[in-house]
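A single structure is presented below for examination.
Note that the chains take the letters A, B, C and D in the order they are written out, and that residue 1 is the start of every chain.
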Amino acid sequence: MKQTTLHHRRVTRRKFTADCAMLLAGIALGAAPRLAAQTAPAPAGPASPQLVEDLVAAYRILADHGVLDAYGHVSARHDRDPDRYLLSRSRGPELVTADDILAYDLDNNPVDDKGGTLRKERFIHGEIYKVRPDVKAIVHCHTPSLIPFGISTVPLQPVYHMAAFLWEGVPVFEIREAAGRKMTNMLVDNPMLGQALAQTLGSKPAALMRGHGAVVVGPSIRMAVGRSIYMAINATLQNQAIGLGGDVTYIDPEEGRLTTLDEYRRGWETWKRRAMAK
Amino acid sequence: MKQTTLHHRRVTRRKFTADCAMLLAGIALGAAPRLAAQTAPAPAGPASPQLVEDLVAAYRILADHGVLDAYGHVSARHDRDPDRYLLSRSRGPELVTADDILAYDLDNNPVDDKGGTLRKERFIHGEIYKVRPDVKAIVHCHTPSLIPFGISTVPLQPVYHMAAFLWEGVPVFEIREAAGRKMTNMLVDNPMLGQALAQTLGSKPAALMRGHGAVVVGPSIRMAVGRSIYMAINATLQNQAIGLGGDVTYIDPEEGRLTTLDEYRRGWETWKRRAMAK
Amino acid sequence: MKQTTLHHRRVTRRKFTADCAMLLAGIALGAAPRLAAQTAPAPAGPASPQLVEDLVAAYRILADHGVLDAYGHVSARHDRDPDRYLLSRSRGPELVTADDILAYDLDNNPVDDKGGTLRKERFIHGEIYKVRPDVKAIVHCHTPSLIPFGISTVPLQPVYHMAAFLWEGVPVFEIREAAGRKMTNMLVDNPMLGQALAQTLGSKPAALMRGHGAVVVGPSIRMAVGRSIYMAINATLQNQAIGLGGDVTYIDPEEGRLTTLDEYRRGWETWKRRAMAK
Amino acid sequence: MKQTTLHHRRVTRRKFTADCAMLLAGIALGAAPRLAAQTAPAPAGPASPQLVEDLVAAYRILADHGVLDAYGHVSARHDRDPDRYLLSRSRGPELVTADDILAYDLDNNPVDDKGGTLRKERFIHGEIYKVRPDVKAIVHCHTPSLIPFGISTVPLQPVYHMAAFLWEGVPVFEIREAAGRKMTNMLVDNPMLGQALAQTLGSKPAALMRGHGAVVVGPSIRMAVGRSIYMAINATLQNQAIGLGGDVTYIDPEEGRLTTLDEYRRGWETWKRRAMAK
């Protein structure tokens, strides 16, 4: 994986030609405020401090739970502009601070002039936000317990109510098919692969990525985080239940449908307190 | 899971009609002290500070051992009124303090005017206390290692003396049967389901709940806590022993009967010291 | 398990009759110094501070590694009197301090007048020291990873050089046979059972105890501790190797014989530093 | 395992006879500067402080991740003299400081006069550096999750992109064959065994050592460390995937080839921060 360093000038120049008005509306670009004001919606301004705080907490919580290690990322849709999302610079999740949070448009171009290295797989986020207006947050992770289910013919299924949202089934993204049966470096590092992943995800809350990890979405940061935590635990427990050798009773789809109202409020309070104290 | 916020006035009003005297005896209700004094036993007063301290320690210890994560709860029967029990507000176990401990009557109505959000599954506690006078403490948990045994046809059995109390057998609560073969949201969030769970538990020290977790009871907080800790470990070890592929020798019922005298005193001292230092 | 509280007077009185001279030699008994001096070897005096410090470290190290939880114990043979051994009071291993270390004679009677609660299973220690002059330290543990091998027909075998001392084979103590095919409370809480365990152990460095745990011995505290740590890891790894489903190559007895010289010096320095800093 | 204490005088004397000029070039030996200067390249001087700092961090990171416990070591090729390497004294990895780093020539003789105990298995390092000019860092570890794959007929294979470098296959070093079908103490503690291990490794990034552990190499400290961390996780996950009982899809060799560019930069920042803060 080569690191993608952001060359602001080059990005700005290219976008100016291709998609000028829309971009200018998004970038706090001192040189052309008037043009932007005329041809695109007024700049949405920064995301609310609460959203940024919650997104930083999400990085820390997911690291604290081992859902993310030094890799992986979580994004949130901008709360004042649905055509943007927030994602941290390329840093280890447990090190992320508010200053590392950058805004992107849905074509995955940064709209902040803050420097630093961009996430190579930001295409995962923009392409899902484009086609899933219900999604407000996305986790991309390499969580260990999920890897076996992404490479096995045995499907991931919900074993307990904390992960009952898995009742809809968990599709597996096969990057070789997405890339036209060609071999890749396994990364979703361009728009085409991002779109293919969004298509595999469909309307589901989560998809596994073969030999790579998973993507988990939600109507809020809290939901995406809680789902990621319990999906990981569920995978471990399903594996153990299979190992016992008897028959296994999974959560019934109807049970899953009836339990999907939890918003992990209590969990969030506990997790945030613990993770931010570290 | 919708959160159940306590509207004290409404609860008080309804209870006044249905079960007036008994309730008034329990609530420190400035407006009607006389009536209460006449028609019900005198108020028991607050539980002993030692009991509250031990209950708070129980939350912390169970969180420290991973028996509880951000969910699950432990209650204790009121030491000055056997018709009441103590249970924390709806908070993450590792955050619970003495101020979060609320008193309930055995119909699971709060008798304290302390505000906050009630546990949705408090019905587990009251319904068991009603039919099990020997029980002084109850743990409800989603402990990971127990989940596989709640969904597998392979029964949980004791593998070592620290969990020898399992010799009586561990019944599995199937909420679909309890609910009249109807699908539920998996939660024991009403009196009928609480009663069905108490019936499944019978005279045993623990029951598994399919796709959900377990309930563990004891003649003291210490016993319920110690049993929960070693039941969880036992599940892991039984799973590993089965995985070896050979024949397994479980604790004999007679051995179990002879070893059930331990009160986990030494464990409690160690666990409490460690958990409260965090 | 009832707790055995030490009633010094009663113990002293009974021993005076039964085994007077030998006992008096060991107890700093103000009332009868002369008699003791005449009929038994002069009192050996306290163990060296270094031995006590190492024994305390052993408790902490074994707790830090999860070899001991809130239960289990480690003893050392007295370095100035081979007919005595040191063992802590009945406390959680991570709480043990030098003040908790008591001296016992090989009949498992305390020779210190320090009060507190005695270990119920001290008989493990004295009976092994009696018949194994080479043994200077003994660990009794309920280490989770060892339990499956104590109850399975699959024998524990060495998988890597750090646990190569297991090449001699690991006998399993079946308490039902030791107790004359009678059911017990699983505890080695009398001399007869302690002797039977010592007999099962024979000349080996370790024995498993069915449904209970293990006993690990060594020519030094460091050796007994290091062996306990790596025996536990070995059990986990053997279990995993078997789980892979292929054929497994164990450490050859000759390899085991050639590698048993390590004294875990480097490990001890690291373990002690980490454990004592907690 | 006897500890090898460095007796500088004896080593120096012997080397003087056998291999005088080369050695003198490496040792800051006040008595014979002229001879050294004439017959060998000028002394390279100390390694850069950055390299030493990174090597110390590598010890701490690998301990923090459980790749190393109290045993195992990591070395780096000297950055100002390719015929030397740096390796710590014989200490627990989490205790290593810059002062513990010693320089060796490729025949595994120390070239610093710093005292302390040498690593008995330093021969692993020198013999690999000799035949692998591309290698700048070497990890030797007893990582638990790797042990099963070193003793099983089931080969270690890559299950996710973070360990895709395993696509080349992981050879297993059988010390009995290396030693001419003779039994050993399992240690690579002489040049002949070091050479045999280097031969088994060949051009690969890692080799397993039967009943012992592994050796992992890289073009930088960061790469060797990152590979060690993810190789260990990969082993756990492959084991779990096999345990599910279905068919498993491994990383394709072509995918592995395409993903081997990552230099674990982001991981290194996170790992170092965490490990050095302990």
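As a convention for this text, a residue touches a chain if its C-beta (ideal position, glycine included) is under 8 Å from a C-beta of that chain, and two chains touch if they have at least 3 such contacts.
Remember, predicted model here, so these are calculated numbers, not experimental data.
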Given chain A and chain D, the chains that contact each of them: none
Same vs different contact residues, chain B with chain C, by half of numbers used: different
Distance from the mean Cα position of chain B to that of chain A, given in whole angstrom: 37
Separation of mean Cα positions, chain C and chain A [Å, integer]: 52
Of all residues in chain A, the ones touching two or more other chains: 243
Interchain contacts (touch definition) - all pairs: A-B, A-D, B-C, C-D
Parts of chain C lying in touch with chain B, wherever the complex brings them together: 1-3, 69-71, 90-95, 142, 144-145, 147-154, 176, 183-187, 210-213, 239, 242-243
In the complex, chain A residues that touch chain B: 158-162, 164, 233, 236-237, 240-241, 243-252, 254-255, 258-259, 261-262, 265-267, 269-271, 273-274
